[in-house]
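What follows is a pair of complexes built around chain A, which joins chain B in one and chain C in the other.
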Partner chain A sequence: MTAGPLILVAAGGTLAGVLSGRFSPRIWLASTVAGVSAALAASVWVLAGGAVWDWHSAFRVGGEPLHLRLDAISSLFMALLSVVGGAGAVYSLEYWPDSAHPRSARGGRAWWSVLVMSVGGVLLSCNGLHFLIAWELLTISSYFLITRDRQRSEVRAAGWLYLGASHAGTLSLFAYFTALAVSTGGWELGPIHGHPELAPLFWLALLGFGVKAGLFPLHIWLPSAHANAPSHVSAIMSGVTIKVGIYGLVRFTGWMPVPQGAGWVVAVLGVSSAVLGVAFALAQHDLKRLLAYHSVENIGIILIGLGFALVAAEHGNAAWGLLALAGGLMHVWNHGLFKSLLFLGAGSVLHATGTREMSRLGGLWRAMPWTAGLFALGAAAISGLPPLNGFVSEWLVFLGLFDAVNVPGNVSLASVPALVLLGMTGALALACFAKVCGVVFLGRARSAAAGHAHESGRLMLGPMIALASCCVAVGLAPAVFFLAVSRAAAEWNPAWATVGGPLSIATIGYANLSVVVVGAVAVSYLWRRAGGTGLRRGLTWDCGYAAPTARMQYTGGSFAGIINEWFAWIIRPTRHENMPEGPFPVRAGFDEHSPETVLEHVVEPVGRMVIKASSLARRLQHGRLQAYLLYIVAGLAGLAALVLLGGGR
Partner chain B sequence: MIIALESAVRLAVWLLLAPLLPGVINKVKAWVAGRRGPPVLQLYFDLARLWRKSVVMSTLASPGFVAGPAIAWVALAGAAMLMPLGPAGGAISFKGDVLLLVYLLALARFCTAWAALETGSAFGGMGAAREVSFAVLSEVALITAVLALSVQTGNITLSEMLSLSVGSGAMLLAAGLFGVLLAENCRVPFDDPNTHLELTMVHEAMVLDHSGPPFAVILHGASIKLLLFAVLLSQVVLPVGKLSPLAGTATLAGAVLAVTVCVGLVESLTARMAFRRVPLILTASFLLCLFALLLALKGGA
Partner chain C sequence: MGSTMNLLIGLAMGLNLLALGSGRLSAIIRATAVQGVVLGVMPLLLEYTFDWMVALVALVTVAVKGFVIPSLLRRAMRAAKIQREEEPLIGFVPSLLLGAGGTIAAIAGARMLPLLPEHAGTLLVPGSMASILTGLILLIGRVKAISQVCGYLILENGIYLFGLLLIHSTPLLVESGILLDLTVGVFVIGIIVDRIQRAFDSLDTRKLTVLRE
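Entry: the complex of A and B
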């Protein structure tokens, strides 16, 4: 048996989804769920050690024969696509229904299926041309999904920025695949050995895939796109489509020769994405924008793993290279799971209150206990806390880096800062999610909208529960998932197939399990004890104020204030202060806004300069014939001068 | 069977001895100030009293207000079980257990901060914000210290890392970790557990609204954490694991007592630092650990 029939069912189901999305939500849901289930089964089959599915067809698309391949690396991403694609589809029926969005819901369903299909196409194609076609389809379908709500100007602006940035990346990929096709003589992709002259092409791939993945200086499109898209779209974009950029990097660093020192560049980009991503996240006031910056952070953690794996491959250190790569790849899964969960949770909050501004939320746990609990679980997972999945993958990356430090030589010195900053990232992420959970779900409602919130229905909670269960499962049985991930690592570097994994990964599973069991016992015991001694409810003490108003609560901005000050050099917040004056101050105010530094302080000034230069050049073309004749005469005179003075050869 | 019994005894030792440390610190402070001070066993009495008291919960608080302290306590007790005790080693020991320990401490921090934010009190917010912000720096220092130990011994298993500990950088490391101990356990000069001004507190500001058994669990957890750091610090300086069981246990106990007395002395002789300067001292702790790490790297090459 091979995965072939399952892939056929998956393709059929997704295609049926594309066609039925506009007409019938039920048929669309059924076919999408059937399609992603088949895709999940196929990827599990390959990851569990089944045969790699490799399909050559005589059928030609764009003049090239179709060649599809599902190996361990593509299965890893395919499994994530299936889980998030299915969960988001179920969620969207309640979150973005026809009744509330009669115009955009139908198209949204169809584009969702197109997105799932194009990601599947990118993961399966073994032909550069088909890869680019699927890639472009992915970009366009994401654009239409982001701009579902395009009456609002900020949504249009976010979509436009996404489209522009993505195409800048795609341009680089065009150059990459074309150069590859020219030097290998065909569009067919696969492992290439003995062509060291192809190594410099890696930089083109890094640029192209880096824009999609949203690594630090290339992430400019990501915060606004993720914040303004409908939440299920944010979930799949953050959970899956940015991972496609990682897929490209993993895939082509495995198949192609890599220039010397590439691993270090990837690791440095990873470290800067991780630290700065979380630093920017802390400064945000918009719930979904904050989550979007955490994607930058987690992509950084993944890239630290990949970067050190590249370094290990260059230096021939299989043991810790495998750990770093396995950690990075497992973090692809984990981030996909908990970030989708968090975006769906943020969607529930937005659905119930109509605002993403954290300073208008608060006390939501009472109205939305399920959402609050599930969001808290996702928050603990993304902060890398045991017993959940984020801890397992960060632990693996840490272990790889620790082993790298203990290898004598330059690698050792260079991995020290990576380790220290990775530890810092974890603590910062914890600070950030303590802030989010506290400000959004705990305390008292800061606005009327938050006070009238309601819990989401089954179709929205169900997918969140499913994603949360996946997070717990990876935390409790890491050895099983490690086995699957190490198959992908062996596919990346076949020489690493025989390296044994760390035996202590199973112990981590047992430790996590005991934290869960003992924690549950302790919580129930303490809860009973607290109830048994006579539990009374009273007002929050708060220094004796008997009637506290909601505005007295600590805000998200003040919570993150200490850390924001440390990173003010790059966040560059703008403050508007209106200090209280006189003995009876009439009005006072303070507000702080954190811009997207790279976009507003780098890309926009450069863009303005380019536009200025172009408009200067444009003055040359004004439609006056006499001037054009003058240009010709001047040009001829110049050429003549060149010929006469240059020796006239 | 033997393993279960051994773990039970180990857990009992941790849980029963931990509340002794704050008592010792208070006794030292009283002694320096020329007072008689509360009895050394005062925290035991307090815990017993709190455990019998009824709970007043804020009208705003969710069940997380009680669950948070419980999970934090479990995480701290779990971290304690990972910490080797001189010749007895750790309850379980595996490659990378030190990272589990660091992250269990983080779990405890997350749960405490969560419980602090439950009441909507601005003090809870202030305390939690300070706790998680300063923890960023102390975690960085802690990771650096772990790295230094790992480089010294070529290992990342706690019992191995702590067995060979007298390296050239041991004193630097000890000084750095002492700073981390003071910050993580909210002692002077980072925080004053006895202050009565909520605006200047860290840990106490977080637990202002707690009462009864959950508060007892919080206090007990905090004492476990203090003992944990004292044991870690002692074993970084002294190769306790290499001594005979009796001598090792005696040395470890003596060293933990010495660390505790030092905490009491620091508390008696210095004042609490202004908040703006806290990051500076923590950075100094980090730099001390970093120099120890550089020494270890140099020695290894």
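Entry: the complex of A and C
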């Protein structure tokens, strides 16, 4: 048996979803769930050691014969796509229903299926042309999903930015695949050995896939797109779509020759994405924008793993490279799971209160205990705390870097700062999620909307519970998942097929399990004691003030203020201070805004300069015949001068 | 023979300057017409033996360039009720200076060109280049459609002069074809001039910028 029939079912289910999305939510949900379940089964089959599915067909698309392949690397991403694609589909029925969004919900369902199908196409196709077609379809379907709520101008702006940035990346990929096709003589993709002249093409791939993945200087589209999309769309974009960029990098660094030093560049980009991503996240006031910057951070962690794996491959396939790569790949899964969970949780908050502004929320855990608990679980996972999945994958990356310290030479010199910065990233992420959970769920409601919040229904909580259980499962049984990930790593670099995993991976599982047991015992003991003695509710930090209001609570900005100061050199916050003066101040105010630095201080000024230069050139086009003749005469005179001066030889 | 031809070409070059320096449309049309006649008889001087075909074409050229086209232009001028080129983009004196400078440069530049020995002594090449330059200056520097048509005709005269270099290898049929195109072109422009005048109450081609996109 092979995965073929399952893929056929998956394709059929998704196609039925595309067709039925506009008409019947029930049929759409059934076919989508059937499709993603089949895809999940196929990828589990391959990851569990089943045969690689490789299908050549005589059927031609765009003049090229269809060639699909599901190996360990693609099934790793396929499994993530199936889980998040299914969870988001269920969630959307309650979150974005026909009753509230009569027109956009119908299109949203169809585009959702197109997105799932195009990601599947990218993962399966083994032909450069088909890869590009699926890639473009992925970009377009994401655009239509982001702009579901396109009456709002900021949604349209986010959509345009996404479309523009993505196409800049796609352009680079067009160059990449075309150059590849020219030098290999065909669009067929596969492992290429003995062509060192192809190595420089890696930089094109890094640019093209980097834009999609949202690594640090190329992430400009990501915060606004993820913040303004409907939450289930943010979940699949952050959980899966940006991972497709990682897939491209992993896939083509595995198949193609890589230039010297590429690993270092990837690792440096990874470290800067990780640290700066979390720094920007801390400065955000918008819940979903904050989560979006955490995607940049986690992409950075994944790239640190990939970068050090490339370095290890350059240094004789050292075994620590396997740990780094496995950590990175496992983090692809883990980030996909907990970030989707967090976005769905943020969607639940948004659905209940109508705002993403954290300074208008507060005290939600009373009204929404399930959402609060599940969000807190996701927050613990993304902060890399045991016993959850984020801890396992970050720990694997750490383990790889620790082993790299023992290598004499540059590697150890570089891995020490990488370790320190990775540790710092984890600590900052914890601080950031302490801020989010504290401001959004604890304390008292800061606005009427937050005060009237209600818990979401089963269709929204169910997918969140499913994703949370996946997070717990990876945390408690890391050895099982490591086995699957190491198959993908062996596919990437066959030299690592025989290298075993670290012995401690099973120990980590037991340690996590015991943390859960001890924690459960401690919680039940404390619960019982609290129930026995009775709890007294009181004010915290009222500082002797007699009549505190909900607006006097700690805000997210004040919580993160100190850390924001450390990174003010790059975040460049704009502040409007109106300090209280005198013994009886009348009016005071403080307002802080953190711009998207790369976009507002680099891309936009450059863009304005280009537009200015272009509009200067446009003045030449004014419609006066006489001047057009003058251009021709000047051109002819220039050519004649060129010929006369000896250029005509 | 060479001296007669050089004399005629020199005359044509003088007519170029006349067309450039004059503001009255009738003067420009007259200069163009005379130039057409002067150049039209040139094939007869170049041919050593009399050829009735060449004679016929020369006759037609003289008739069309010297009489048919100018009369069409005069009729357009009357229909549009304009007499003068009022505000040229390049003034008359600067045009004249440019044209004179261009003529000198053409004579100097022709020496640098690798010409056949039988053409080296004649003014054919400098004359043709000077006429082309004059035509371009008129096209670029004038705003009235009729002056531009004259510029176009002078430009064509320059090309025609250059074509005489190849008279032994180019059939005169080609030249007569060009002549036919020119006539039809001027005929069409004559009609358009009338229409522009009626639609816009002006013949200023600077106003025709709406179609630039």
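Quick notes on this structure:
We take it that the second predicted complex is superposed on the first by the 632 of 649 C-alpha atoms of A that agree within 3 Å, B and C clash if a C-alpha of one lies under 4 Å from a C-alpha of the other, contacts with A are read in each partner's own complex, and residues count from 1 in each chain.
Methods note: a contact is a pair of C-beta atoms (placed from the backbone, for glycine too) under 8 Å apart; a residue touches a chain by one contact, two chains touch by 3 or more.
The structure displayed is predicted, hence computed values, not measured ones.
Contacts of A:621 after superposition: chain C is touched, whereas chain B is not reached. By the touch criterion stated above, A:515 is placed in contact with chain B alone, chain C being left untouched.
Between chain B and chain C, the partner in contact with more residues of chain A is B.
By the touch criterion defined above, A:443 lies against chain B but remains apart from chain C after alignment on the C-alpha atoms of chain A. Look at A:629: by the touch rule set out above, it reaches chain C but stays clear of chain B. Judged by the touch definition given at the top, the superposed model places A:551 against neither chain B nor chain C. Across the interface of their complex, chain A is touched by residues 51-60, 62-64, 66-67, 69-71, 73-75, 78, 92, 94-97, 99-100, 102-104, 106-107, 109-110, 113-114, 116-126, 128-130, 132-136, 139-140, 142-144, 147, 150-151, 154-156, 198, 208-209, 212-214, 217, 279, 293, 297, 300-301 of chain B. Against chain C, in their complex, chain A makes its touches with residues 621-627, 629-630, 633, 644. By the touch rule above, chain C contacts chain A in their complex via residues 89, 112, 136, 139-143, 148, 205-206, 208-212. Note for the complex: chain A touches chain B at residues 362-363, 365-366, 369, 372, 376, 380, 383-386, 391, 394-395, 398-399, 402-403, 405-406, 408, 412-413, 416, 419-420, 423-424, 426-428, 430-431, 433-435, 437-439, 442-444, 502-504, 507-508, 511, 514-515, 518-519, 522-523, 525-527, 529-530, 533-543, 548, 550, 552-554, 558-563, 566.
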